[in-house]
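Here chain A shows up in two complexes: once beside chain B, once beside chain C.
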Partner chain A sequence: MAKVKGLKCKECGAEYPVEPIHVCEFCFGPLEIVYDYQEIKKNISREKIEKGPKSLWRYIDLLPVENPTVGLSAGFTPLIKAENLGKLLGLNNLYIKDDSVNHPTLSFKDRVVSVALSKAKEFGFDTAACASTGNLANSVAAHAASAGMNCYVFIPSNLETNKIIGSLVFNPVVVAVDGNYDDVNRLSSEIANEFGWAFVNINVRPFYSEGSKTLAFEVAEQLGWRIPDTVVAPLASGSLYTKIWKGFNELIEVGLVEGKPPRMLGAQAEGCSPIYQALKEGRDFIKPVKPNTIAKSIAIGNPADGPYAVKVAKESKGDIQIATDEEIIEGIKLLAKTEGIFTETAGGTTIAVLKKFAEAGIIHKDEVVVAYITGNGYKTMEVLEGKLEKPIHIKPSLIEFKEKVIGKNVKVGG
Partner chain B sequence: MHSMKLKLIYPEEKIKEPILSKVCKNFNVDINIRKANVQEKIGWLELEFIGDEVEIEKAINLLVENGVEVLPIEGQVFIE
Partner chain C sequence: MAVTVRIPTALRRVTQGQGEVTVEASNIAQLIDALEKEFPGMKERLVDENGEIRKFVNFFVNDEDIRFLQGKDTPLKDGDVVAIIPAIAGGNK
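Let's turn to the complex of A and B:
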């Protein structure tokens, strides 16, 4: 028996075979992978996983891929005990899952893209595509290059090209579309449905999003095969948040860990918080918003998995909080100065919200808490311009050094 | 024959206007509504447009000109 039974509509439950499809023909709901956990349980063990590759592919038994060929080094990023930040927040067991050093393009997207393009190759696709200027485009372009696939990246034409240098270097075909974001969204959907391409977050999305489960698998293994009490993760489309939840539940289902799944705390930017708003207003549907935040990598105004994220927040007895742009910057700086990790705005949002939950006493001091850091700050350094300490200017004179530096900064030489 | 699965989101002030009816009357496009939520302050529909590519494009333009947000069924695909 195969580990994957097929695809199933998350709304009406209609079943489909394993194909590069993503929308239910009956109700237009999104499709999700259905596994045969009884079958998986027979083949999976902690020992087998521990002997596997040092990448997300050690969890292949719980991924919808038979033969991984793309992104063989993605995943298995560090889980760091955050002693300094923990002390500051009054948390004795705080951990950082650090996907800012994911390989090869320094964000959690390397996980989802590895799974999406490995599956795409199994389906026989020779072309990868996405619509992005950021982490997603970086990852798709890099993985397509190494896999020998053609690659198309779609962007609105009014964006400066220097924003996409990190993708252009991999030599994809970049298509600048005359139009706004909605025009790019619609055109991408049409292309994905018309051409035999793997458009990562459209027609191979059910496979793509499964890659995020490995964020749960790795954390459990790195904690010595246990589930944290609470996790804090950013919410953009809501996919990562719901798949981390699914990942922990699967580990319990197949008997790799005992206990209950974690409480899911979520973080959104105040300037783009449709999932937070739905939860607070008790709605089971999302009211789309126009994003207005520095946290561009999580600025999704109409999140596809928003309703499912609300459901997970409730089911796990979790919550979602928001952070202002200023708090996001402070979050970036706080993680950097306490743990030496430079994250981008999504990570800043997560840390800012972690701080709020800790200060409000929502997280108990002895809970095992994992905060997910999903991207690298070196990609978007411009958000910190004017927000950091300036250098101390001195003449090349020892007297001036003593006066202006030592005299001013008691830490130095102290 | 071309088809497009779309999500139409109406701003609050446009909910009472018969915009979709204008689309039906002006363009040769079949409209197949699958899901909808129209209330006092919320209005969205998930539907399929079936017809000639040019006619569908004209229909979308009319909706956009009338203030309706027209997204693919997948929601926001573009990610910064």
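Let's turn to the complex of A and C:
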């Protein structure tokens, strides 16, 4: 008996077979994988998982792929007890899930792309594509290269230079579209209608998005098979946030862990916060916004999973907060100087919001809290230009070193 | 007003496979009715029981989201291109 039963519309419940489709024909709602949890429960165990590969594929029983062929070393990133940052924020059990060192392109996108392109290969596609704010493009381009697939990536033309180079190096066709991410997304959706490609975040999206569940699975296993009390995660489309929630719930469902799912705290940039606004105004629908923030990787003005993210925030008794551009930069610097982890703007947003929740007393000091760091700071270094201390320039002279660096009154060797 | 409408894959069963159709309409509400007349079953897929555009349906007039224009009352003129697009996402999270 198969672990996957089929696809189902999250809105009206219409059922579909396992095909590369993502939208319900009746109500336009998004499609989601339906699993046979009874069947999975019979096959899955902690022991089996612990003996599995040191990658996200150790959780294959809860992923919609039969035969993984792409991204075989993605996932299984470090979970770090953040003692220094914890001390500063008054949190005794703060952990960082560090996907800034995911393989091979240093963001959580390596998870979703591994799942999406493994499935795309099963479907028989020979061309991979995506609409992206950068990290996804990097990951699709890298995985398509190793999988021997043709590749087209569509990005907003104003992206950070390093993220563009980080795609070009894998030799895909990079299409830089004059417009913001939502424009790129709309165009890509229309292109996906015309060409028979595996657009990972369009027609393969139901499979792709499942990869984010492994962020929950790994954290539970790394905590010794327990669920954290609270997690903090960034929100762009809302997919990652809702899939982390789903992942923890599935672990309970198949009996791998006991307890209740975590409280879900979410982070958006003030300059692009349509999900936060919907939650605050008590709406179950999203009013799209035009993004204006340095946090480009999470600047989605029309987030497709926004309504579900609002639902998860409420269901989990969680909340969503926002951070200004200045707070995002401070968040990046705070994580770097306390934990030695260099994250990008999305991670800066998460840390800034974590700090707000901690300072407001919304997170209790003894709670087990996990903050999800989803991307790497070395990709977006330009946002820190002029925001850091400058190097101290000296001649190759010991006297000058003492004068300018150590201070005039310090003795040599002292 | 003759307006070109681009049809997404999910609706092409209703349009017998056509990816682009032309209808007469002077705003989005009329356009939805005109589509229903030509392709029965279209309207219930685009609007909910209260007559509001479904939350996962996006209309773009000449590449701009109608929620930034005048919603269902967004006026149309000859030669406009209207794209119907399901909510999709990606980006980082």
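Following the convention adopted for this analysis, the second predicted complex is superposed on the first by the 379 of 414 C-alpha atoms of A that agree within 3 Å, B and C clash if a C-alpha of one lies under 4 Å from a C-alpha of the other, contacts with A are read in each partner's own complex, and residues count from 1 in each chain.
To be clear about the criterion, a residue touches a chain if its C-beta (ideal position, glycine included) is under 8 Å from a C-beta of that chain, and two chains touch if they have at least 3 such contacts.
Note that the structure is a prediction, hence the values are computed from the model and not measured.
Q: For the overlay on chain A, clash or fit between chain B and chain C?
A: clash
Q: Would you sort A:F195 into first (chain B), second (chain C), both or neither based on which partner it touches?
A: neither
Q: Check the contacts made with chain A and report whether chain B or chain C touches more of its residues.
A: C
Q: Once the structures are superposed on A, label A:C27 by its partner contacts, choosing first (chain B), second (chain C), both or neither.
A: Both partners, chain B and chain C.
Q: Mind working out whether A:F401 is in touch with chain B, chain C, both or neither, as first, second, both or neither?
A: The answer is neither, since A:F401 touches no partner chain.
Q: Based on the superposed arrangement, let me know which partner A:A236 touches: chain B (first), chain C (second), both, or neither?
A: Both partners.
Q: Touching A:S107 in the superposition: chain B (first), chain C (second), both, neither?
A: A:S107: touches chain C, not chain B.
Q: Considering only touches as defined above, state whether A:Y16 meets chain B (first), chain C (second), both or neither.
A: The answer is neither, since A:Y16 touches no partner chain.
Q: Could you say whether A:P303 touches chain B, chain C, both of them, or neither, answering first, second, both or neither?
A: After superposing on A, A:P303 lies in contact with both chain B and chain C.
Q: With the touch criterion stated at the top, can you tell me which chain A residues are shared between the chain B interface and the chain C interface?
A: In chain A, residues 22-23, 26-28, 130-136, 181-182, 185-186, 188-190, 201-202, 205, 236-237, 285, 287-288, 297, 299-300, 302-304 are touched by chain B and also by chain C.
Q: Report the residues of chain A in contact with chain B in the complex, numbered from low to high.
A: Touching chain B: residues 22-23, 26-28, 130-136, 154-156, 181-182, 184-186, 188-190, 199, 201-202, 205, 236-237, 285, 287-288, 296-297, 299-304 of chain A.
Q: Once bound in the complex, which stretches of chain A touch chain C?
A: Residue list for chain A touching chain C: 11, 21-30, 107-109, 130-136, 181-183, 185-186, 188-190, 192-194, 200-203, 205, 233-241, 284-288, 290, 297-300, 302-305, 307, 346, 374-375.
Q: Mind pulling up the chain B residues that touch chain A in the complex?
A: Residues 4-7, 9, 34-35, 37, 42, 46, 60, 64, 69-80.
Q: Okay, in this complex, where on chain C does chain A touch?
A: Contact set of chain C toward chain A: 6, 8-11, 13, 19, 44-46, 54-58, 60, 63, 65, 67-68, 83, 85-93.
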